[in-house]
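Labels run A, B and C following the written order; every chain starts at residue 1.
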Amino acid sequence: MNETPSVLVKNLTIRFGAFTAVDDISFSVGKGEIFGFLGANGAGKTTTIRALCGLLTPSSGEISVAGATPLEPELLKARIGYMSQRFTLYPDLTVDENLAFAGALRKMTPGQAKKRSEELLDFTGFSFGRAKLVRELPGGARQQVALAAAVLHDPQVIFLDEPTAGVSAQAREQFWALIRRMAKQDKTVFVTTHYMDEAEECGRIALMSAGKIIALDSPANLEKTAFKNPLYETLAPEGVNLAQEAKLSGAGHAEPAGLKWRVEVSNPAAWEKLCADKKLLPHPAKPTLEDVFLKLVGAGK
Amino acid sequence: MSFILLKGFFKKELTQALRDKRMRLLIFALPAIQLTIFGFALKTEVRNVRLAVQGRADDALLQRVARRAYASGYFVPAETGADWLAALRSGKAEAVLAGPVNGTLAERMDRDAAPLQLLLDASNMQRAQQLETYMAQIAAQELAEYSGHGRAPPAPSKISVRVLYNPALDSAIFMVPAVMCLVLCVITIILTAMALAREKEIGTFETIISAPLSNTEILSGKTLPYVLIGLADVPIILGVAELLFRVPIRGPLWELGAASAVFVFTTVAIGTVISTFAKNQQQAMMASFLFMFPAILLSGVMFPVENIPDAFKILAHINPLKYFVTLLRGIMLKDMALQSFVFNLSCMAALSAAAVAMAVLRFRQKLN
Amino acid sequence: MSPKLRVAASIALKEARHILRDPLTLAMALGMPVILVTLFGFIIDFHYKNISVSLFDHDKTPASRSFARSLGAANYFRVLPSEDARNPEHTLADNASFAALIINPGFGRDLDNPEDKPAIQLLLDGSDNAKTGIAMGYFQKAAALGLSAARGQRPPPESTPLSTRFLFNHELNSRWFIIPGLTVVICGLIGILLTALTVAREWENGSMEMLLSTPARPGAIIAGKLAPYLLLGFCGVAFVYAAARLVFGVPFCGSHALYALSCVLFLLAATAQGLFISIVTRQQQLAMQFAIVSGLLPSLLLSGFVFPVASMPEFFRYFTFILPPRWFMEISRGIFLKGSGLADLWPQLLMQALLCAVLIKLALKKFKTDLEP
């Protein structure tokens, strides 16, 4: 990237009293990227996003978003759009009223705000009445309105914190189509999620655990580099704890995945023996992000 | 200050506040109802004192004194039976007029220094003292008339007494302006303190602080709509005071308007300061209550502020309610002098400036 | 312990922990009684004294000066000198003084002249009618003394045919009147206001619904929720009692058991009212306003705390019948000051019990039928 990054973070640390929520992280996001932040609850994703949006004061480190730093809060906030994990629309106002207020907050003229609202509601696929009170809308529709409100002022960088939490699978699908459309418009989209399948959609992802970034790369690269050893998937007979068995026999490392086991084989000979012993029928598996995540997070412990 | 921004805030706050039917009731009807109830109910005069008479059945003069007492309007009859102490204990009677034990009143009045005895329930000592004064007068007058010569103290005929502003000594004229202040204060402070705290609690605070706005802009947007609501209550309250209680407005209306505007602005500012301390609605409510309750008590609504010992007088001086009550009573009842008006108004304005400054300084557009 | 009781106890314990961890709630529950007792015990004074009188002495004779001196001698009045040219009415309009005493020229000369021309005029600010009434009473006494002083005579003997015995409060101590009444205000505060706020909060953030979805019976939930506030109310009562007896020397002439019973009845009624408010409003902001309007202000203003119920117009006197604080006020003062017992106070207790039962029934009914949001 030879142009200035959209988001630049250097040695960011955020502490709440004795608790370190974000521990010395650094990364950069380029223009037009869909950048994913992956991690379990409490890993520090939301805290990081809030600091990037100027809503939290970091304990130390540097932040630059769309060319502005948190020391110029009004400049920074003018250039970003933020959709919070919490529901931040007013439940007792209608869709129109919420969007009108979002426009007023950005000092857009009512005419501008109205035009943008219509465009965005169209863009997001919102299909309910605009005079409906927000609390009467289903979850997916609310997210559509929330997104419209967050990008009403056409920001360059968009932060989405768990935008599809608690939403139906179909709505999630639609929402990601939306995100892809926004990225095509050359907007930088910064998403946090704990859904692995969503993370696959990102250009690059950062894996976060206990306040640290434990991996940062494209999903494909991550899957390639995290597993040097081949990966197998198998069913196991009842009563067989493959994790223990794999460890004891030295065959490798096994993780449960639903009813199956996914095993990273470090010792092929031991593995063959184990399969023969326990009558396993393994077949090779392609590493997924979930595997990567479990391995890296597990390794950190 | 962006006009679009302010207009947006006004629309949102007013829509939210007025959409709920119960809120509308609370903001507009309740103050009027409260004013009505308290204006009528809170009487500071001594009335309806339950007076029982203990004495010989044939004591005609005693009965005459009693009748005179009942006719005066201060006392009403009460039955006690023989055990008058129990009657006082149970509240059936408040006072007992006892005639002499060894003769009728007429017989003993020239021989005893004090032939009549008044036994009072002095729990409410102010009331007791006042009704003692009344009873003494009544008894003296009745006895003087009976005997044809003065037993009563010589009335200082050289002295005339004139009562200004409220010759009928009507309670309402005194209480209504005070209740106006009370009612207005409760509405504005609570509404304002809760408004910001509510946003923090339900999460929409994030929405507001993610927009590129200055502290002043946000605070103005959140609080000015409530100044408007508070001001909307002023004509309603004034209307009740006029139509129902016939409280005069002897001073100019513009003074009333200015005083109300500054007061509402002050209470809204205080509500805002409170909300900067509160993380959620419950804290906002408690904090506003902890401020309001002593403020009401030290405002002159219920007790004279002049009696506060000097060590604590400062509490009254920093209490905007005290100034507003003084202003209301002064403007409405006395057509107060301009100098006094300006002084009280300035004190309130100074307090509101302090509150605004504190709010702007304390307000953080941060979640931590 | 029966399962229902266990459930209630565990809810009560959880509620207690919430309260202990919330500094502002604690401040209100424990701090308010302290603030109120301090305010009413030390700061607020009912006695009108040192009533300011502006003196306009146009006579300027030894007689007029004696009169003025005598007026300010006792604590009743504080005599302030004023410029002759100033309009006396302005001193009242300006709040410079409460009254104006105008001594006309010729007062000293005509002192013993039987002519009835008023040589002295007193102007009183009538806006505070209570103060005016008392000032007039003071002035009557003071004027008689003043005239004798002006004449150079000894003051006339107090000649009234009435001797008065002030029962129950022979010192005429205003603290004895107010402090027992504070119990009512504080219990009303904690019972109605605090309960309404905290329970409304649970409705608003959904934790009440969560509780209701458990197998626990609504009755047990309510009992558990309200129990800590009853306890806090009792702490308030105990504090006021201690302050009354130890600090202000208020006598306690009646039965402690009766007093405790009355406190329980009132606290139950108050918390039931708070619960009712929270159910009806389900929103903290509304709950607070309604609690203040229907709970606090009546406790403070309509219960007889400062403004006697007897002085109210007839309609309102009957209206206070349905206000629990009114009855508790009579009981509290009766037991403290008068030594009233069950035989004296049974009507008040009956009303308390009745209102308590009605409020509890109302709250329970609304609670059960209103479980849908």
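Heads up, the rule we're going with is that a contact is a pair of C-beta atoms (placed from the backbone, for glycine too) under 8 Å apart; a residue touches a chain by one contact, two chains touch by 3 or more.
Fair warning: this is a prediction, and the values are worked out from it, not measured in the lab.
The touch graph of the protein chains shown is a line. When chain centres are set by their Cα atoms, the one at the greatest distance from subunit C is A.
By number of C-beta pairs in contact, the leading pair of chains is B-C. If each chain is reduced to the centroid of its CA atoms, subunit A and subunit C end up 60 Å from each other.
Distance from the subunit B centre to the subunit C centre is 12 Å, each centre being the mean of its Cα atoms.
Within subunit C, not a single residue touches two or more of the remaining chains. Those residues of subunit A in touch with two or more other chains do not exist in this structure.
Across the assembly, subunit B contributes 20 as residues in contact with two or more other chains. Listing the residues of subunit B that touch subunit C in their complex gives 20, 22-23, 26, 30, 34, 37-38, 40-50, 85-86, 88-91, 94, 109, 113-130, 132-133, 135-136, 139-140, 143, 151-154, 156-167, 169-171, 173-174, 186-187, 190-191, 194, 198, 278, 281-283, 285-287, 289-290, 293-294, 297-298, 302-304, 306-309, 312, 315, 326, 329-330, 333-337, 339-340. Listed in rising order, the residues of subunit B touching subunit A in the complex are 2, 4-5, 7-9, 11-12, 15-16, 19-20, 202-204, 206-214, 365-368. Across the interface of their complex, subunit B is touched by residues 16, 50, 53-57, 73-78, 80, 82, 84, 86-93, 97, 100-110, 149 of subunit A. Remark: subunit C residues 22, 24-25, 27-28, 31-32, 35-36, 39, 42-50, 89-90, 92-95, 107, 110, 116-134, 136-137, 139-140, 143-144, 147, 156, 159-170, 172-174, 176-177, 193, 197-198, 201, 204, 281, 284-286, 288-290, 292-293, 297, 301-302, 306-308, 310-313, 315-317, 319, 330, 333-334, 337-341, 343-345, 347-348 touch subunit B in the complex.
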